[in-house]
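Structures follow.
Note that chain A is present in both complexes that follow, paired respectively with chain B and with chain C.
On to the complex of A and B.
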C-alpha cells in the first residue's frame, strides 16, 4: 500500500506519506486508487493518517493496532459475546447472601458448575472483561486521534478548484453543457446554494459549496464522551469515591450509618396496598403494593461520637419521605428505599404460669423478645432466664442456635424454681408463638415438666408487634458528575454526527462544459436532491437518481 | 379506572389491527399489481401506494386513539406490561414508517413493515390485557421518557430490518446454483420459516383460546427445611395449549379433550425447573410444529421456496434504494436507542435503584443491542460493508432487538421481570 515514495502531486503540492488524495487538488495519488475509475474513497478526505508511517517502531505498531477500525469492531464483538454469556445464569452480584461454590451446581447441574469454575458467574468483574473495556477505551482514543487531526487539517485548507479526476469520481456527479454565460450561470448557482444555507467560495468559474461541516466532529465528540465516561467509572475505584451499604431500620429506631458521622432515624414507615376495586379481576386478592415510604430524619453527630459511655449529641440535618423513585440526598450522601420486611414479629407478650395440678395461674408477666428480664417472681415460683434464641433452629448436631437477630421464631429457656422442684431449678423451654410451639414440639422437649406446668398467653391483650423494618441503601457516588458529563458529551456527539450531514459540492467549467461533483458523509439521497434542485433552478432539469455514480454506500 | 373508555380503547385497537391487515393486503396489491398491470406501472404504483398508505395511516390514527384512551382510562401511560409495551412498540414502528415514508416516498417500505406490525399487534394480544396499577418502582415520569424513547429507537431498527429483508429478497438470485447463492437462498428461506413459525404460534394460541382449551397440571416438590421437616409444596400450572410436554413429575388435574389426549405426551426433563419452564417449552414446541405444518402447506401449494416466489415481485425495485433506506433508518434509530435505552435508563436506574448500571440482564441486553448496532455502523462507515452483508446485519440486529425486548423477560430473570406475563 505504501510502495510509492514520490508524494509530490502534479499540482506541485508535497503530500505526506500515506496520502490517498492530494491534499490540494484532490487528484488520486495512491497507485491503486489512481488506476481505477470507480468512485473515490473519500474517508478522512484521503488524508494520511498517523498510523500510515513507513518503518514503524514498536510504539508505532501498538498505535497502528489500536488505530484499526477492524480491531475496534472485533473488540466490540468479543465484548458483546462475553456480555451475552454473562446473562445465561444469574450473576453472583444479584444475590445478597449465598454460597456460589454450591449454588450453581445445585441449581443448574454440571453446566452450572462449569459456568462457575470458568468465572462466568461474575463475568463483568473478571480481569479479562475489564481488559476488554480498557482495550476498547484505548482504541477509542487512538482511532480518534489518528483520524481527527488529519481530517481537521484537510477540511481547514480546502482548494476550490479540484482536479477533474477528483470531481468525476465522486459518488454524485453531473456533467453537461452550460446554458448561457458561464460566469453568470455560476453566480446564479452560488445564489441558489446560499439559499440552501451552503457556504460558498468561488474562484472564477470554479466553486466550492459546503454546509454542516461541524457534523464531521460528531463521531469524535461522542468518542471523547465515552472516554470521559469510562475514566469516570475508573474513578469509582478510588477509595472513598464510591460507598455502598445497607441499613435495616425498624420503625422508630435510630441507627448510625456505617463509616460516617451520620445517624438515620426511621420516623415512620408507610406501606399501602392497592384496594380490590383498583385492581383488575385477575389481580384481586393478591397484595400489590401501591406505596412504601420511609419518613426519615438524618442527624449529624456533633459531639461524643466515639465515646461508648456517652450518648452521641445529634443534630438534625435533613428530613425526607424516601420512596423508590425519590431518595434522600444530603451532602454527597444518597439514601434510597431498597425494601421492607412487614412480616409481623413479636415485640412482647404477657404470659401466665399455670400449675396444671392445682389449676392455679400466676402472673401475668411482661416478656419482651429483645430485652427480657433475667428473673420473674410469680407467686411461690421463680423463672430464671437461662438462654434466648430470637430465630430458633437446630444445627446439624441437634444443638439449638439462632439463625438471625430478627424475632422470627423466638424461644426462651427458663429455669423453673419453686415448691416441689429441684433445688437448681428445672429447665422449661417456651416458644411464645403457637406455630413454633407445635413445629418444634415444645411439650416433648419439656418432657415430664410439661405435665405439671405450662407457660401460656391467656389473651391477645399485651401482645405487641414490632414495627416494620425498612431496608435503605446508602450510597456515595463522587464520580457521578463526571459520569453524567461524559454521558452528555457522548449523546451530543451521537446526535450531531447522525442527524446532520456534511455536504460539499465542487464545480468547475472547462470550455463551456460544467463538471460538478458532490460528496456527503451520510445520506446521498439528500445530497442528490440538493444538487438536482439547484440545477433545476438554474435551468438544468435532471432526475436526482441520474446523478448517482455508484460506489461505496457508507 | 374508567371502564367505558377502556372498552372503547380495546375496540380502537382491534380496528387498528384490521386496518393494518388491510394496509398490508393493499401494499401487496400495489407491488404485485404493478408487475401485471396493462397500464403504466408507475402510475399504478403511485395510485395504489397512496391508497395503501392512507389505509395504514388510518390504522395508525386508530392505534393512537387506543393508546391515549387507555392512558386516560387506566390512569398511567400504557407501557408498563408486556401487552402494553408490545402494542406501543407496534405503534412506534408505524410512526417510524411514517417518518421514513416522508423522506423516501416509496411504497415498497410498507410491503414488509405492515405485516411486521400486524404480527407484533397480534403478538401483544397473547398477553393479559387488563390495566394493572403501577407498582412503586414504576411510579416515575421516567417510565414515560425511558420506555417511549427506547421503543422509538427500536422501531426504526424494525423498519430497517423490514427493508433489509426486502433487499435480500431482491438481491439474492433464486435461479443461480453457485454454492454462495445457495447459501444466501437457504438463509433467506430460514428467515421466512421463522416468520411462518411466528404465525404458527399466533394461530395455535388464538385457535385454542377461542376453543377455550385448558389443561391443569400439579407438580409436587418436596424440600427439607432447616428444622429437618419435610415440606411439600405443590405448584399448579394451566396450559392453554394441549400438553406435548408436561411438567416434570406432575399429575393431570383436569384436561380438556383434544384428539383423545389424556396426559402430556412427554415429560419435561428434570433440569427444567419449575412448572412455567415446562409450559413455555410446550408453547415453543407447539409453535414450531404448527409453523412447520403451515410452511409445508405453503410449499405444497407454491411448489417453490417462499423466497423464490416473492423474488420476482421485487425485481422492479432498485436494490440501492433499499440499501440506503435500510441503513438510513437504522442511522436514525441509533441515537434514539442510545438515548432511550442507555442514557435515560442509566438516569432512571440511578434514581430508583441507586446505581446507574447494575449488569441486570435487561441492561446487559440493551448494551448488547447497542454494541451490535455500533459494530454495524462501524463496519458500514469504515469497512465499507454495504449491500447484502449489511442487509444481513440489519436482519440479525432485529433478532437481537426482539430478544432484548421479549426474550429477556420470558427466558432470563432479573429486575425487569414485572414486564413479564
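On to the complex of A and C.
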C-alpha cells in the first residue's frame, strides 16, 4: 500500500509515513494531493494514521485490516443485510414452546425449511453474526485509536503560519490587498474574531483563529459509548445476568423459579370481563378480559433447598398484585403477567356413598384429584383407594391407562369393604364427571355392585374446580444500567459532533496582500458568513458566496 | 513511542481475542443451550426421593453402567417400553453385571406410580421428580427419553422415544463393554 517515500517537508519538518499534509506548515505532501489544485483533503488534518508503516509485521497487518474504514463499512453493510434477513420470518426466540424442525416448513413451505436449515431462524444468536459484531467492535476501537491520537496531536501543536498552498486550497479562501497598515489590520481582525468567540493566536502578520474544537471528539466519544454498550450486551451471556423464562402457576400453587433460589406462589388470580354495556355493539356478547391479575408471593429458600426428603424452608420476601405492565420486582428479578388459562378442571369433589337397598347415605368425603387420601371411613363401610387415572382411557389391550396428567377425565378404583361385602372388599370404579360416567359406562363396569351401592356427588356445592393457571414471564436484566450508560455516552458524543462545528481561519500577509483560508467540518455557509462578516467589519466588503473555492471535500 | 504503540496493539488484539472468543464461543454452543446434554458429557447431578422413601443421588451410581429413563403413566410409549426395561434389568443383574436402571417419574403422585410398579412388577429404582425439576435440568422435552451412562459417568447415548428390548440390549451390551 505504501511505497517508500521521502517524508521530509521543505519547511524542515520530518513527517511520519502516510502524512498527507505537512504536520507543521500544511504543505500537501502526498503525490496525488500535491499535484492537484482542488481543495485539500483535510481529514484528520492530513495527519498519518497511527499504524501506517513501511514494513508491517503480521500484527501490523491484522491491525491495518481493522484500521481500514473501507473494511468497517463493508462489515456494517454485511451485518445490516444479515439483520434484514433475520426479520423475514419470526425468530425462534419469539416462541415459548414449539418445534422449529417442522414449524418453518409447515408455515412457509420450502423457503421456510431452507431458512431454518441455514440458521436464519436464530440469526442474531448465530456464531457468524456474533463474529460480525465482534469484528465491528474491533474495527471501532482500532479505527478510532488510529485516528484520534494523530488528530489530537495535530490539533494541539498547530502552526500559525501555514504554507501558501495550504491556504489557497481550502474550501473558503480570500485573497486581496490589505487596507492600511498590515499589523494594525490583523489586530483589528483578531478583535472581531474574538467577538465571535474564536480563540486567536497571532504571530506577526499571521493569524490562526479557532472555535469549538471539542466537537471533533464527538465521534470518538460516541464510539466509546458503542463499545460500552456492546460489552454490556456481552455481559448478558454471563450466567445469572440475564434470564427470560415462563412459569405457569395454578391458583394456590407454589413453584420454584427455574435456576434460582426463589419460589413463587399464585395466591389469587383475578379475572374480570367487560360487561356488555361497556362494549361497542359489534363486540357485545364476546367475552373480553378487562383485568387479569395475579396476587403473588415471592419466597426465598433458606434451607433444605435440594434435599428430596425434606420440604424446602421458604421465607417470604415480596408480595405484589401483578398486572400487565406492573411487574413484581425484587432483587433484580422482574415478574410480568403474560397470560392465563381458565379452562375449568376438577380439583376435588365431595361425594357420598349411597346404600341403594336401604336408601341410606354415608359421607360426604373429600376426594382430591391430585392428592387423594387412601382410606375413607363411611359409617360401617370403608373405601380404600386402589388406583386413580387423571385422564382415563383404555389401551389396545383393554387395560386402563391415563392419557395425560391433567384431570380431564378422572377415574378412581376403590375397594369397598363392610357388611355384606367380600372379606377383601369389592372393586368399585368411580368417575366424578357425569359425562365420563356415561361414556365409560360406570354401571356396567361395576356390575352387580352398582345395583347395591353408588358413589355420587349430591350437589354442585360439593365440586371444586382448580384455580386459573396464570402464566408469568420472569426476567432478569442485570446489564441494564451498563446498557443505559453506553447509550448515554453515545448520545453525548453524537450531540457534540452534530450541534457544534469546528471552525478554523488562517491568514497571512505577504507583501501587502492578504491570503485567508478557512476550514470547518460542516456547515460551510456558516463558515463563509463568519469570514465575510469579519472582513466587512475590517473594511473589506465581500459577498460570502464569492469566498467559495469549490469542492465538497471535508 | 514506537514501543508503546506495539504494546497497545498487542493488548487490544488480545482483549479482542478473549472477549470476542468468549462471545463467539458462547454463540457456537448456545444452539444447544436448554437442550439435552451432549454425548461424552457428564449428566447433571440430582438428588431425588425414591419409591423406597430414600434419597437417591446420581453420584451413588458411579462405577456402574446406568440407564436413566424419564417416564410417566400418561405417556403411552413409556408404558409400552416399561416391560422391556424390566426384562433387560432382570437379564443383566442375574448375570451379576454392575448395572442399574433408574426410572424418573415425571411429577406424578405416589399412588399412581406405586400402582403402575405393581401392575408391571417393576423391580428397578423408581424416583419421583416432583415439579419436573430434573426433567428441566436434563433438557428433556418429550417422553420417554433415556440416557445411557457409562461406568465412568459420561453419557454414551441418548434415546428419545419408545424403545424395544433389542434397542436397549444393544446399548447396554456396549455400555458394559466400556
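As a working rule, the second predicted complex is superposed on the first by the 329 of 554 C-alpha atoms of A that agree within 3 Å, B and C clash if a C-alpha of one lies under 4 Å from a C-alpha of the other, contacts with A are read in each partner's own complex, and residues count from 1 in each chain.
Basically, contacts are C-beta pairs under 8 Å (C-beta built on N, C-alpha and C of every residue); 3 or more make two chains touch, one makes a residue touch a chain.
Source: prediction; values computed, not measured.
**Q** Examine A:498 and indicate which partner it touches, taking first as chain B and second as chain C; both and neither are also allowed.
**A** After superposing on A, A:498 lies in contact with chain B but is clear of chain C.
**Q** According to the stated criteria, A:356 is in contact with first (chain B), second (chain C), both, or neither; which is it?
**A** neither
**Q** For A:127, is the partner it touches chain B (first), chain C (second), both, or none of the two (neither)?
**A** After superposition on chain A, A:127 lies in contact with chain C alone.
**Q** On chain A, which partner's contacts cover more residues, chain B's or chain C's?
**A** For chain A, the partner with the higher number of touched residues is B.
**Q** For A:306 in the superposed arrangement: first (chain B), second (chain C), both or neither?
**A** Second partner only, chain C.
**Q** Pick one for A:291: touches chain B only (first), chain C only (second), both, or neither.
**A** Touch partner of A:291: chain B, not chain C.
**Q** Look at A:237 in the shared chain and tell me whether it touches chain B only, chain C only, both, or neither; answer first, second, both or neither.
**A** second
**Q** Report for A:256: first if it touches chain B alone, second if chain C alone, otherwise both or neither.
**A** second
**Q** Quick check for you: in the superposed arrangement, does A:403 touch first (chain B), second (chain C), both or neither?
**A** In the superposition, A:403 contacts both chain B and chain C.
**Q** Once the complexes are superposed, what residues of chain A are shared between the chain B interface and the chain C interface?
**A** The answer is residues 403 of chain A.
**Q** Across the complex, what residues on chain A touch chain C?
**A** 50-51, 59-60, 62-63, 122, 125-127, 129-131, 133-135, 137-138, 141-142, 145, 231, 234, 237, 255-256, 258, 306-309, 370-372, 374, 385-388, 390-391, 395, 401-405
**Q** Once bound in the complex, which stretches of chain B touch chain A?
**A** For this pair, the touching residues of chain B are 1, 103-104, 128, 130-133, 135-137, 139-140, 142, 226-229, 271, 273, 318, 320, 323-324, 327-328, 331-332, 334-335, 338-339, 343, 346, 350-356, 358-361, 364-365, 367-368, 371-372, 374-375, 378-384, 386-387, 390, 408, 412-414.
**Q** So in the complex, the part of chain A that touches chain B is made up of which residues?
**A** Contacts found on chain A: 43, 69-70, 72-73, 76-77, 79-80, 83-84, 86-87, 90-91, 93-94, 107-109, 124, 244, 274, 278-283, 288-292, 323-327, 334, 336-338, 393-394, 403, 439-440, 473, 475, 480, 483, 487, 490-491, 494-495, 498-499, 522-525, 545, 548, 552-554.
**Q** Show me the residue ranges of chain C that touch chain A in the complex, using the header's touch definition.
**A** Those residues of chain C that touch chain A are 5-6, 8-10, 12-13, 16, 19-20, 22-24, 26-28, 30-31, 47-49, 54-56, 72-74, 76, 79, 106-109, 111-112, 115, 128, 130-131, 133, 136.
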